[in-house]
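Read the structure below first, then the notes.
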Amino acid sequence: MSDARSESPTDRQHPDNTTERLEIFSDGVIAIAITLLVLDIKVPEAEPGELLHELGVQWPAYVAFLLSFTVIGIMWVSHHSMFERIRHVDRGLLFTNLLLLIGIAFLPFPTSLLAEYTKQGGDNSHIAAAIYSATMALIGLAFVAIWTYLARHPDLLVEGVEPANLRRSIRRSYVGPIVYAASIALAFISAIACYFVYAALAVYFIWGPSTRALLPARGRAEVASAEQPGASED
Amino acid sequence: MSDARSESPTDRQHPDNTTERLEIFSDGVIAIAITLLVLDIKVPEAEPGELLHELGVQWPAYVAFLLSFTVIGIMWVSHHSMFERIRHVDRGLLFTNLLLLIGIAFLPFPTSLLAEYTKQGGDNSHIAAAIYSATMALIGLAFVAIWTYLARHPDLLVEGVEPANLRRSIRRSYVGPIVYAASIALAFISAIACYFVYAALAVYFIWGPSTRALLPARGRAEVASAEQPGASED
Amino acid sequence: MSDARSESPTDRQHPDNTTERLEIFSDGVIAIAITLLVLDIKVPEAEPGELLHELGVQWPAYVAFLLSFTVIGIMWVSHHSMFERIRHVDRGLLFTNLLLLIGIAFLPFPTSLLAEYTKQGGDNSHIAAAIYSATMALIGLAFVAIWTYLARHPDLLVEGVEPANLRRSIRRSYVGPIVYAASIALAFISAIACYFVYAALAVYFIWGPSTRALLPARGRAEVASAEQPGASED
Amino acid sequence: MSDARSESPTDRQHPDNTTERLEIFSDGVIAIAITLLVLDIKVPEAEPGELLHELGVQWPAYVAFLLSFTVIGIMWVSHHSMFERIRHVDRGLLFTNLLLLIGIAFLPFPTSLLAEYTKQGGDNSHIAAAIYSATMALIGLAFVAIWTYLARHPDLLVEGVEPANLRRSIRRSYVGPIVYAASIALAFISAIACYFVYAALAVYFIWGPSTRALLPARGRAEVASAEQPGASED
C-alpha cells in the first residue's frame, strides 16, 4: 500500500492546513456545546427554607447535565481519534462533519427537554426521552457516515491506516446509533429506564472502543504502526 | 509576477503571526455564534400530553436553526478559504473583517426573530423574514468588500494568487448578497417562500463555489499552483 | 541593548509556551464576550403588525451592540499587539492580564444595562451610561497597568523593544481611560451624548494608535526593527 | 533518571498530539465557563430613579462573579501548569480530566445560586453557600486525583519531573479541597463569612503555590532543570 503512493512520506502522514483548521473549529463547537449545557440548570425560585427541596425536585436537570456532558466528552474523544487518521478534507467530508456538528450543537435542546419533562412524568416525559434518544441516534449515524465516507475515500487518510481497521471502526460506530434507536421504543415505556441505558452506554464508551481507539495514537508515525495487522487491539 | 517580489519565497507563502491570530479569533467568533443558535430553540411549556403538539408548533425554530447553522458553516468555509490566500493583514482588512464578524455574531438575533414570528404569520412574519434577508445580504456584502480590498492590495496575498482568480472570487461573492437582497422583496409576499430561497442558496453554496474554492488549497505551495491560469476551475 | 543579553537570539525573540497559551486563552475569553453581546438583543413581543415599531423602540440595544462589539474588537487588536512584544509571563503579568479579562468578560452586563435604560431616559439612563463609562475606564486602566508593568520588567519582553516605544505606548494607553472617565460626568447630563463620545473614541482607536501599533508587527524579527528609534511612527 | 529512558530525548520532552489537543479543548471549556459567568448578573427592572438602588441590592451577584472568575482563572493557571509536565494522555487521565471539566463547567450554576440567595439570607443562603463550597471542594479533589494519577503513571510525564516534586504538588493540591470542605460547615453559620474564606483562598492561590508552580516552566527543557532536587522552590 505504501509503495504506490509514497512520493512524499511527510505529506502523507501530516494533516493539511484545512484539516487542522476543521478539527480546531469542530473542537470549538464541541467545547461550547458542552459548556452551554449548564444554562439548562435553572436557579429555582424558592420560598425561605425551601431551596434544598426545590433543588431536589429538579434532579433530572443534574442527571441530564452529567449524561450529556459525558457523552459530548466521549464524542470529542471519538472525533479527535478520527481526525488523527485524516490528512485531507474534501467537500463530502466537510459537510458530513457539519452534519455531526449540527447534532452536537443541537444537543443542549433535547437535554433541556429531558430535564424539564422527566419530572412531570406521563406522555410528555416519554416524548422528551424519545427525542433525546433520537438525537443521539442521529449523531451516532453521523459518525457512521464519516467512517464510511473515509473507507470509500482512502486518499483522505494518513498513510498506514489499514482497511481492516477502518472496517472495525465502522462496525463499532454502529453500536451507538443502534442502542440509542432501540431506546426510542423504551422511552414510551419509561423515561427513567432510558437514563439507565444512556448511563450504560456512556460507561461502555468510556471503557470501550472510543478511548481504546485513541490511545495508540501518540503521533502520526505511530498511528501507522499501531494500525498494522499484527498489532490487533481486539 | 513571482520574480518582482521573491526576495524570500517562504515569507511570501506563509501567513504572518497576526494573520494566523486573526483567523483563529474569527474562527472562535464563528464557532460561538453557530453554537449559540440553539439557545433560540425554547423548551415549550406543555400541559400533560401536549408536548409533541407544542414542539410541532415551533417548527420554524428548527428550520431557522438548520438554515442559520448551515449558512454559518458555509461562511466558515468561505472565510477559511479566503484566509488561505492572505499572508499579511493591514488596518483596512482588519476592520473589514470585523464588519463581517459583527454580521455573523448578530445572526442569532434575526434567526430568533424569524423563528418567533413565522408562526404568527401576517405583517410581522414579513418583517422578520425581511430582516433576516437583509442581515444575510449585509454579511454577503462584507465578503464582497474583503475580496475587493484584497484585489486592490495584492501585497497582502500569498505569492501566486492570480488577479484573474481574484476577479472570479469577487464576481462569485456577489451571488449571495444579490439573491438575499432580492429575497427582501419576496419577504413581503411570503415569509415561508423565503425559507425555500434560503435553503436553495445553502445548497448552491455547498455544491458550488465556496467549497470548490476550498478544495485545491492543500497547503500554501499548492494554493499557488492551483491558481495558475491553466488550472481553471470553471 | 541587544549585545548585553543575546546568549540565545531565538529564545529572546519567541514567546514561551505559557505566553502563547495565555494569549490563546485571552483570545478565547474575548471572542466569547464579543459574541455573547447578541444575547442582550431581545426578541420583542409584538402584537400583529407592531413588530417593526417594537424593533424600532429598542434602537439603543443595536447601538450598544455595535459600540461594544467594535470596542472589544479594538481591545483584541490592542491585546494581540501587546502580546507580540511579550516573550515571558510572570505572576504579576498573569494576574494583571486576568484583571483585564474580568473587565472584558463583564462588559456584556453594562452593555445590556445601557441598552435597557437609555430608552427609559431620566436618572436611570444617566446611571446606566455612567456605569458603562466607568467599566470602560477600568478596562482602559488595566491596559495602562499592563504596559506600565512591562516597562518595569523589560526581561519579559522580546528583544529589541525600545524603552522609548514602551513609554509612548503607556502615554497613548491613557487616552482611553481619561476620556471614558470624563464621560462619567457627561453621563449625568445626557446618556445619548455619551453614545457620541463612545463612537468618537471607537473611530479614534480604529484610525489611531491601536492599529498603527499592530501594523509593523509582521513577525518577531520585524517587531524589533520597526521599534528602532529611527523608525518613529509618530 | 534521564539515562534509563532517553532513547529519544525530544519525544520524552514534548507533548504528543492528543495531549496538546486535550489542553486546547480544556482551555476552551474553561474560557467559556469563565465568560458565561456574566450571564448570572441580571439587568434589574427598576422604576424611574431606582436603578442605582436596584443595582446595589444585587451586590452578591458582582462579588460571586469576581470570586468565581478569579478562581476559574487560577484553575486555568493550575491546569496549564499541570499539562506543562504531561507528555502523553491515557484513558484514566482523559476521564479524570473530564471530571475536572464537568466541575468547572458546572460552576456558573452554584455561582448563580450564591448570587441569588445570599441577599435573601436565612436557610436558603446557607444551602447556596454550602453547595458552592461543595462544588469547589469537588473540583479541588479532581485536581488531587489528576496529580495522584500522574504520580502513579510517571510514563505520562515529560522527562525530568522528579517524584519529590510530584509529591509536593499532591500535598499542595489538598489545601483547596480541605479548606473548601471546611467552609461547608461554615456555610450553615453564615453565607457572608464564606465569601471571606473564598476570597482568602483566592489570594492564597494567587500569591501561593499555583503561580509559583507555573513560573519556572519557561519551556519543556527548563521544566526539567527547574524540577531538579537542587532547585527547590520551597
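The letters A, B, C and D name the chains in turn, as written, and every chain counts its residues from 1.
The definition used in the following text is that a contact is a pair of C-beta atoms (placed from the backbone, for glycine too) under 8 Å apart; a residue touches a chain by one contact, two chains touch by 3 or more.
Note that the structure is a prediction, hence the values are computed from the model and not measured.
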Response to the item:
Chain centres computed over CA atoms; the one at greatest distance from subunit D is chain B
Worksheet item: Do the two copies subunit A and subunit D share over half of their interface residue numbers, or under half; same or different?
Response: different
Worksheet item: Upon optimal superposition of subunit B on subunit C over Cα atoms, what rotation angle is obtained, reported to the nearest 5 degrees?
Response: 90
Worksheet item: How many angstrom lie between the CA centroids of subunit A and subunit B, rounded to a whole number?
Response: 26
Worksheet item: subunit A to subunit C: how many Å between their CA centres?
Response: 37
Worksheet item: Hey, what residues on subunit C touch two or more of the other chains?
Response: 24, 28, 32, 36, 39
Response to the item:
subunit D partner, complex, touching residues on subunit A are 23-24, 27-28, 30-32, 34-39, 41, 43, 46, 48-52, 55, 65-66, 69-70, 73, 76-77, 80, 84, 206, 211-212, 214-215, 217-220
Discussion item. Could you list, by residue number, the parts of subunit A that touch subunit B in their complex?
Written reply: 16-18, 21, 24-25, 28-29, 32-33, 36, 39, 88, 90-91, 94-95, 98, 101-102, 105-109, 112-113, 116-117, 120, 122-124, 127-128, 131
